[in-house]
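One chain, chain A, links the two complexes that follow: it is found with chain B in the first and with chain C in the second.
This part shows the complex of A and B:
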C-alpha cells in the first residue's frame, strides 16, 4: 500500500494510530516509575485495544473492554493507589523483570498468531447475534459463568461482613 | 453561502458542533450555572447574581465569570505533578462532552448511527472518573485527595445501577439504539412503562454529576472544592464545567429514553428535525432544572450514607427494574 493510498484509507490510518497507541502505552505501563502514570497508560492501552477490536468487527467486545478494563479496572487501581497517599514507585529491577515478561509474551503471541497474518475479518458481529449464540448454543457455559460470578459476590459480601464484626 | 449552510446542517457536523454538541452545551453551561445560583438565592430569599445586566436579573453573570476565568492567571502550585495537573482537566472536559456525539437530535438525525448507541454513550461516560482521580492525585493537596477518593467511592456506587437501569429500558424496547428507543415510545413514554428505572436513573444522575443531596466529592463546606481545590483561572472553569456537561448529557439521555424524546410531536413536524431537537432539549432542560433545584432544598448526605443508598437501595431497585421490563415484555411489550 502506497503512502497516498494509506492517507486516503481511514481504516488503515486508525489501525496504525491504534497500534502505535497500544504499543507505546504497553511499554509505558511497564517502564513508568509512577504507578499513577502507569494506570493512566493502562487506560490508554485499553482504549487502543478497544479501537483495534472495533476495526476487526467486534464493537460489542470493544465496548465491554472499554467499560470493564478502562472504566472499572483502572478506576479501581487508581482508587487503591491514591488511597495510599504516597504512590509507591516501581523499582528498576522489577521493571526489567516486567520488560522481559513482556518480550516473552510478545514472542508467544507472535508464534500463536503468525498463522493469521494477512487475514482480515470480513464480517460484523451484532450484539443480537452474540446474545442468540449465548442463550441458544452456549447456555450451559452462561449458567456456569453466572454461578461463578454469584459465588464471587457471596465471597465479597462475606469478607465485608467479617470486617464489620472484627 | 448556501453550500456552507448545507455543510453545517449535515448531521455529522451539526451534532458535534451545534446541537447537542459544543455550541448548545456551552450555552447551557452558562445558563444552567446562573439558574442554579438564582434559584438557590430565590429559595433562600436572596437576590443571587444581579448586577451584570440588571434588567434581566444578572442573566449574563456567567459570561462575566467566564471572562474572569479566561483572564485570571492559572496558578500552578510548586509541588503539583505538572503534567497531570494541566492535562487531566482538558481530557476530563473533553470526555464529558464526547458522549453528545451519539445522541440523536431528531428522527434519523444522528452523527453516529449505531445499533449500540446507548452502550457507546454509557461506555464513554465511564472514562471521566479516571481523570478526576488523576487530577486529584496530581494536585498534591489533602482536600483534593479526599475529594478524589470520594469520587472513587461514588463511582463504585453509581456505575452499576446506572448501567442496569439504562439497560432495563433496552430490554423493554428490545434495542440498544437510542433512536429506535425513542421510536418505541411513540404511544407510551418509558417513564410510565418502567417508573422504577426512571426514578433510579434520576437519582443516579444526581450522584454521578455531584449534585445535591449527593454533592459529596466537591463538598465546599467540608473539603474546599474537593478534587478541584488547587485549580484556578481557566482550568477551574474547565473542571467545574465538566460535571455540568455530564449533567447535560445525562439529562438529554433521560429525555430520550424515558420522556419520549421528540414525541408527542406529530410525524409531519419531525422532518426537518428542528422542532424535534427543541422538544428533546426542553425535556432535557426540565431534568437539569430538577437536578439544580435540589441544591436549594436538600442538605448533603455523608459519603457512607450515599454508598449505603447506592448499594442497599438503588442496586436492588435497578435489578427489579429489569424484571419489571421483562414483565412488560412478557405482557405484550411496546
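This part shows the complex of A and C:
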C-alpha cells in the first residue's frame, strides 16, 4: 500500500494510530520509572485496544472495555498505587534472560499466527446479538461473573479495612 | 480491510512485553500492570481470531465481555492484597511474600 493510498484509507490510518498508541503505552507501562504514570499508560493501552476492537467489528465490546476496564479497573489501580512505594527489579542476569524470552516469545507467536495471513474480519457484531447470546446461552457464566464481582467487592473492603485494635 | 495477522502481530508483541515485565519486576503492583498488558494481548488475539468466522464472532464477543468483568474482579483482589501486604510489611516486594502467612 502506497503512502497516498494509506492517507486515503481512514481504517488503515486508524489502525496505525491505535497500534502506535497501544505499543508505546505498553512499553511505558513496563519501563516507566513512576508507578503512577505506568498505571496511567495502562489506561492508554486500554483505549488503544478499544480502538482496535472497534476496527475488528466489535464496537459494543470496545465500549464495555472502556467503561469497565479503563474506567473502573485501571482507575482503581491508579488511585491505589499513589499510597504505595516502589520495590527493586530482579538481578541484571535475570533481566537479560527476560529479554531473550521477550524475543523468543514474539518470534514463536508470530510463527503460530502466520497461518492467518491474508484473512480479514468482515463481520459487525451488534449489541442485540451479544446480549441475546449472554442472556440465552451464557446466562450461567454471566451469573458467575456477577457473583465474582460482588464477592470481590466484599473481599476488597474486608482486606483493605483497618484492623480494629481491641 | 486490515489483515487479521496484523492484529495478531500487535497481540504477540504486547504478550511478549507483558511477559518481560512480569519476569523482571518484584513490585506486586508492577507485576499486576504487566499481567494486565498480557490480558489486553489475549483479548485482542481472541477477538481477532473469533472475527475470522461468522459463527464464532458473536460467541467470542460474549466471552470477552465475561472475561473483562472477571478481570475487574481480579484487579480488586490483587490490589487489596497489595494494600494489606504494604500495611503489614511496609513493602511491595514479592520476595517477602513467602514470609506472609496467616
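As a working rule, the second predicted complex is superposed on the first by the 109 of 166 C-alpha atoms of A that agree within 3 Å, B and C clash if a C-alpha of one lies under 4 Å from a C-alpha of the other, contacts with A are read in each partner's own complex, and residues count from 1 in each chain.
The criterion applied here is as follows: contacts are C-beta pairs under 8 Å (C-beta built on N, C-alpha and C of every residue); 3 or more make two chains touch, one makes a residue touch a chain.
As the structure is a prediction and not an experimental result, all values here were calculated from the model.
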Dominant toucher of chain A (residue count), chain B or chain C: C
First (chain B), second (chain C), both or neither touched by A:141: second
Touching partner for A:61 - first (chain B), second (chain C), both, neither: second
Partner chain in contact with A:72 - chain B first, chain C second, else both or neither: both
Touched partner set for A:102, first chain B, second chain C, both or neither: second
First, second, both or neither for A:40, with chain B first and chain C second: first
Which superposed partner A:20 touches (first chain B, second chain C, both, neither): neither
Partner chain(s) touched by A:82 [first = chain B, second = chain C, both, neither]: first
Contact residues of chain A, present in both the chain B and the chain C interface: 39, 60, 72, 74, 76, 81, 83, 85, 87
Interfacial residue positions of chain A with respect to chain C in the complex: 11-12, 15, 19, 22-23, 26-27, 29-30, 35, 38-39, 42, 45-46, 49, 52-53, 55-58, 60-61, 64-65, 68-69, 72-74, 76-77, 80-81, 83-90, 94-95, 97-99, 101-103, 105-106, 109-110, 113-114, 116-123, 125, 129-130, 133-134, 137-138, 141-142, 145-146, 148-149, 151-153, 155-156, 159-160
Chain B to chain A touching residues, read off their complex: 84, 114-116, 119-120, 122-124, 126-127, 129-130, 133-134, 136-138, 145, 148-149, 152-153, 155-156, 159, 163, 176
Complex contacts: residues of chain A adjacent to chain B: 36-37, 39-40, 43, 59-60, 63, 66-67, 70-72, 74-76, 78-79, 81-83, 85, 87, 126-128
Touching residues on chain C, where the partner in the complex is chain A: 1-21, 23-30, 32-34, 36-37, 40, 43-45, 47-49, 51-52, 54, 57-59, 61-66, 68-77, 79-84, 86, 90-94
